[in-house]
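Below are two complexes that have chain A in common, paired first with chain B and then with chain C.
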Partner chain A sequence: MTLPSATLVAQSALSGLFIGGLYGLMGLGLGLSWGLLHVINLAHFALAFLAAYLCYQLASVGGMDPFATLALIVPLCFAFGVALQWLLSRFDLSPLNSLLATFGLTAIVEAGIQGVWTADFRKLETPYAALHWQVGTLYVPAAELVTLAAAVGLSFAVYAAMRFTDLGRALRALAEDAPIASAFGIDARRHALVLSGVCGALAGIAGVCLALSFTLTPSQMYAWIGVVFATVMLGGLGSPLGPLAAGIVIGVSEALTSAFVSPSWAPIVSFTLLIALLLARPGRA
Partner chain B sequence: MSLVHRVARGVAALVIFVAAGAFAQGQPPIRIGSTLALTGPLAATSLVHKVVGEIYVEQLNRRGGLLGRPVEWIVRDDQSKPDLARTLYEQLITVDKVDLLMGPYATGAILSAMGVAQRYNKVLVHHTFGIPAQAKYDMQFPAWSLGPTPEVSVPNTVFDALAASPAPPKTIAVVTSKFPSVHFMSLGARDVAKKRGLNEVLFLEWDFGNLDYGPIAARIKDANPDFLWVGAIGLEGNQLLEAMSKIGYTPKEHFYMYPAPGPMSKSALARNALSMTVFEEHPPFTSAPGAKEFIELYHARAAKAGIPDTAVEVQAAASYTAWQILEAGVRGAGSLDDKAIGAWLHTHPVDTIQGKLRFDGPHNYGDDLMRVKQVQDGHWVTVYPAAYAAPGATLRVQ
Partner chain C sequence: MGARVYVAIVVAALALAALPWLRLPAFYASLLYLVLHWAVLATSWNILSGYSGYISFGHGAFYGTGVYATAVLAGTFDVPFLWTLPVAALAAAILGLALGAVVFRVRSVRGEAFALVTLAVTFVVATIVANTPIDGGPGVYLSSVPVPSLAPTVPGTFYLLALALATASVLAARAIADAKLGLGLFAIHDDEDAAEVMGVPTYRYKLAAFGIGCALAGAAGGVHALFVSYVTTAGTFNVTLPLTVILMCVLGGTRHWAGPMIGAAVITLLLYATTAADHAIVGKALTGAILVAAVLFMPHGILGRRRDTPAMRVAGASNVAAPSPLAEPSFAAPSPRASGAPLLALRGVTKSFKGVRALDGVDLDVREGEIVGVIGPNGSGKSTLINVVSGHFAADGGRIQFRGDDIAHRTPHRIARAGIARTYQVPRPFAGLSVADNVTLPAMFGAAGLDRADATAAAQEWLAFTGLAARARLRPGALNLHETKFLELARALASAPRLLMLDEVLSGLAPPEIDGAVALIERIRAQGTTIVLVEHVMRVVTALSDRVIVLDQGRVLAQGPAAAVMARDDVARAYFGAAGA
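On to the complex of A and B.
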């Protein structure tokens, strides 16, 4: 067996870093919803894909710059998140039941996407897709770099908001002990609506990043569920920085497995890491 | 004969014709049942089969239907799930009591439907079954003219085309999805390449549904083969091309097993990409009876259905072929009896838009009619063998 070249290893690691950033970005909203609201929101993936299709539509047909579509998509996704939390709160669902309910919603959104855009492949053609920089022997694609920057920026922004703002402190208090937090005057319902809206907005941003780098087809949303769930569990439920770190660890590990061994071994990595973590720290997830 | 007699005979003929038509209209329809993956990961391609089926049934009814009866097509959504396809075919036979079956899309669902058809002794004509050795039922009839051993014949056709090109490759990389009907072809390509003296510089496999093609692209770039065989299905080929482009690599000569035809031909990155075909929109394929009318109808209907690429190529042609086989079988047998239809098809070749198909070989497969096509100027054109090449088209190399 010959060892891969340094360029191959470095380029693969870079690729893993970028995909890991996207795992982290997808997992950020999911993890916050799961950890702080106790809602395992599978519709997060559907919302991200809906946002990706909206970006495709606005940019391809409407002629907007893909990044400008965020001005419309983010508020829409925020509203979707608020509406979803309002709906779920009417039923007082357990986390497991929220998983089932949002799975149903995911199927409905998928059918809606298919009804509007058909099941065929849709590719957002933008100048950003071909834009890249060469650093030595390595190639750095612009769209993926933007995704990674968004993931890092948003993760730290959410971390700062959770740590240094009254809203963040209130949300953490509610997650810790809702009755006591309420006794101190925190409006649990209003805060949950805001947080769910933020998670929706994060899904919207992830969706735009998806549209920049990936060809879209409605059923593709299911391909992300396993690895993003592993990312969230590995990173810690409700943690703002955990999913980013876990996503990068998984992405780079998968990429290096592909470079050194075989791409067919790569999917095993994320779940092996997850199982190892659960064995080492059973209370983590 | 006097003018009065001639008029009288003409009126009588007209009355008989109208009465026969009215009788046919009064007959209960012949019901043909099938499933298609109208939702799920295979839905994009299944939509092609749905449009083609609707076109064919309309054409058939305009021609007077089958055996003097109109034809009705009942299609259920198997959601891209072979297990659901099995259940739905059971229902079509036992609850809906359809007269005939048409196959689903794709290999997994066809295999499921085949088991049900065998249990009820029904003829199953199918569009795109990719692993002939697994088609063990005597009354299944393939429209996908791969021949009985495509894992040998298809790579040989590709390597013959390359050997005849101005720059025959000396090294090869085989990278492949583990999607079943693709994977076995890629393993076959490895064996054939070895026998033909090509030096394999890379072999990689990935799981269907892979999200990150960056490391695969990096390994291909590192190996830098003369010829890249990509065992890809659907969008995998495009994803790999995009990943290679992002690291500044363009493959020298490259082949894709079952690409998403529209997205690949429209991609600037797919310049000179090769694949296989049984039909393209150029002579000599368009000279087949009915081909031109079908192409015109398909363009309009596919556009109406929201299919981005409205060209008739492999999938649409295979689908149309399947309906031609079923119609020929029923007309040839003169009955809806499955055993009679099966017996007729075993002994009679059928003229289709992809050529003459016979069902007397191993697993009811006849000749391998796969040709080599290439993306040239944003379109797929057949380039090999010369007898099937588009006018003026030859295999281009980078």
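On to the complex of A and C.
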């Protein structure tokens, strides 16, 4: 094994940082819904892909600027999130059953995407795709930088909202002890609807970022589940900043393994790390 | 009546084994093979995950281990195919046992954490397989491996192999559900800590269930490797396999041995009916919609509540009959009357939680046959004392001797078997078991160690003793607080303990109910059981206790006869704060 050059290592770390940002962005909404609403929402991935395809459609075929599509996609995804919570809250679901129900939903959305856009690969062609900067010897693609910026910005925005707004405080109180929080006059139902809407909107933004840098095919949504679950668990359920940090740790470690060993060994790092952390976690007796 | 089910399963399997000789079109044999293949995967997953609630997302890893064991042995080393199947089962079982031996020791790896660890293991195994000569990346071809001719046709042979495995799986699932192992697993599902404290060897039981399930999945993988004749890591280790298996089990019902089999048949046929023609997309959407509907409207599955008695299905049947008269049980605890020999001795026992010293060097003795009242202000360490003696928490330091043996480092189930039983301040009944089974369990697993028939009889007597006989067939959720507290007592008594530790059994009860409970405790003592009574209701402590121990800030502040102890100034200060403050 020959050691890769410093430039290659730095470039790998950078691309790991970018993909890690996307892991964090995908994990942000998933973790909030899991930690605060106790809904393990697999449909989060389906919604992100639906948003990615909508972005592709509006930008490639409709000729819109990819970023302008957010104005349509975000409200739509927000509504999807609200509707999902409205449906699920009518039933007393365990977290596992919420995972299964949303798996079913994911299959429906996947079938829908396949019906409209077929299973062929789709790639959004935009002026942004070629846009990049050269920083020293490093290549910095604009689309991925935007993704990272969105992930960081949204994570901190959610963090600030959770800490400093009444909505955020109410949500944290509800997650801690819903009956007591309700007794103090917090409308649990309405807050859950809003939060689920926010998670949906976050999935929508993640989907647009996905469309900017990745080639799309419907079944690809399942490939994200493992690593994003790892991100969320590592970062802490319901934590606003945890998924971002965990996503970057996983992304960079994967990228470095790819550079030093081989891309095919990359998954083992994040998942071994995850197993080790889960086993070493202090018991919640 | 139990035996008839096993006979029926075997007869049905033998009848189905005749099918290949009816010369069905190959296509039907293959479809039936797939139904049985998924039935094996779902049933084997359910033995640990459905029964005990440890939801595994790693079934693909164990199935895949079997796939590659056969692929490598038969494909590369020319081992006859049938000989590779036991190896496939063994390899999967070893992987499962190795994983379980680590994971089941860690108390925090439950629920989602367990699901995630098993999912992660799938990807780790997949990465190793893809990067080593086991696969190497391009996949393994098995087209040159000869298929043994067990039946007139090749699909018939695969059908017979899957039928044999499915029969074995279903028999194992039913036998486990009927056995002590099954009762223990159901209890783990509802409340693992309480199960362990009642004598269920939770670690060994989880490991056993995992090992059996993994072995069956591995064997199914071995057969499937040759069935598909070309295996790849991407096709073998993925998220869709465990999700499909979970879907089948939830649809069929995870508490029932036949649930996964039925779920597997429904889903496989449905997928086939919709994907075979041109409407693959419609089929996928339809499957998704059925899953959503099944989970929302049938969360317990098709067979979910089939094993309940009709009475158990009546949700609000709390006031069906008056409590039966109290009866004296014949399965009473061994009764050496107050002999004065020390039964339990604590020396310098300490326990801290994040720096707070809950127990700070506790020395105390409990003598055979006495009732010791433990009192003290909130946070003085009373409940921690019970938790440490019962093994729920391990003591940080000091010695705990029970009948002369050091039990400080024993697991809770071994402490229970040695003869210590406890109740929980907030009752923790097993919500999925009937009231009768809630009491049968400690009679089987505790110090009494009865077999199922004797334990069932003993449970009836203890339920009569506590006035709950009319409630035996209900679920604990249908009981009121007073009855739930008595159920907690009946469970502790059914284990025939030498030492019974009662953690505020009277809190929350109305005065007449308290009088009933006091009478009950006196009757328990009359049988010779030694009792440690943690209690806030002072008149009860005074009336029942031979001796009172006062805890304050994790230390023994005073001990002696109730009246003398309560007259002391330092005790009054601990309770009511400094005089004049």
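Everything below uses one rule, namely that the second predicted complex is superposed on the first by the 281 of 285 C-alpha atoms of A that agree within 3 Å, B and C clash if a C-alpha of one lies under 4 Å from a C-alpha of the other, contacts with A are read in each partner's own complex, and residues count from 1 in each chain.
Simple rule for what comes next: a contact is a pair of C-beta atoms (placed from the backbone, for glycine too) under 8 Å apart; a residue touches a chain by one contact, two chains touch by 3 or more.
These numbers were taken from a predicted model, which means no experiment stands behind them.
When both complexes are overlaid on chain A, chain B and chain C end up clashing with each other.
In the superposed model, A:S264 makes contact with both chain B and chain C.
In the superposition on chain A, contact of A:T215 is made with chain B only, not with chain C.
In the overlay built on the shared chain, the residue A:H38 is in contact with neither chain B nor chain C. By the document's definition of touching, of the two partners only chain B reaches A:F121; chain C does not.
By the document's definition of touching, of the two partners only chain C reaches A:L93; chain B does not. After overlaying the two complexes on the shared chain, residue contacts for A:F103 are found with chain C alone; chain B is out of touch.
By the touch criterion defined above, A:R172 reaches neither chain B nor chain C. Of the two partner chains placed by superposition, chain B and chain C are both touched by A:A111. Put simply, of the chain C stretches 4-12, 22-30, 328-336 or 454-462, the part that bumps into chain B is 22-30. Residue overlap on chain A between the chain B contacts of one complex and the chain C contacts of the other covers 110-111, 114, 262, 264, 267. Looking at the complex, you find that chain A touches chain C at residues 34, 40, 87, 91-97, 100-101, 103-108, 110-112, 114-115, 222, 225-226, 229-230, 233, 237, 262, 264-265, 267-268, 271-272, 274-275, 278-279, 281-285. Interface residues of chain C, counted against chain A in their complex, comprise 55, 102-103, 106-109, 111-113, 116-117, 119-124, 126-128, 130-131, 137, 238-240, 243, 246-247, 250, 281-282, 284-285, 287-292, 295-296, 299, 393. By the touch criterion given at the top, residues 4-5, 7-8, 11-12, 14-16, 18-19, 110-111, 114, 117-123, 129-130, 132, 134, 139, 141, 144, 214-215, 217-220, 223-224, 227, 251, 254-256, 258-259, 262-264, 266-267 of chain A touch chain B in their complex. Residues 39-41, 43-44, 46-47, 80, 178, 204-207, 209-212, 214-219, 221-222, 234-235, 238-239, 242-243, 245-248, 260, 262-263, 305-308 of chain B are the ones that touch chain A when the two sit in their complex.
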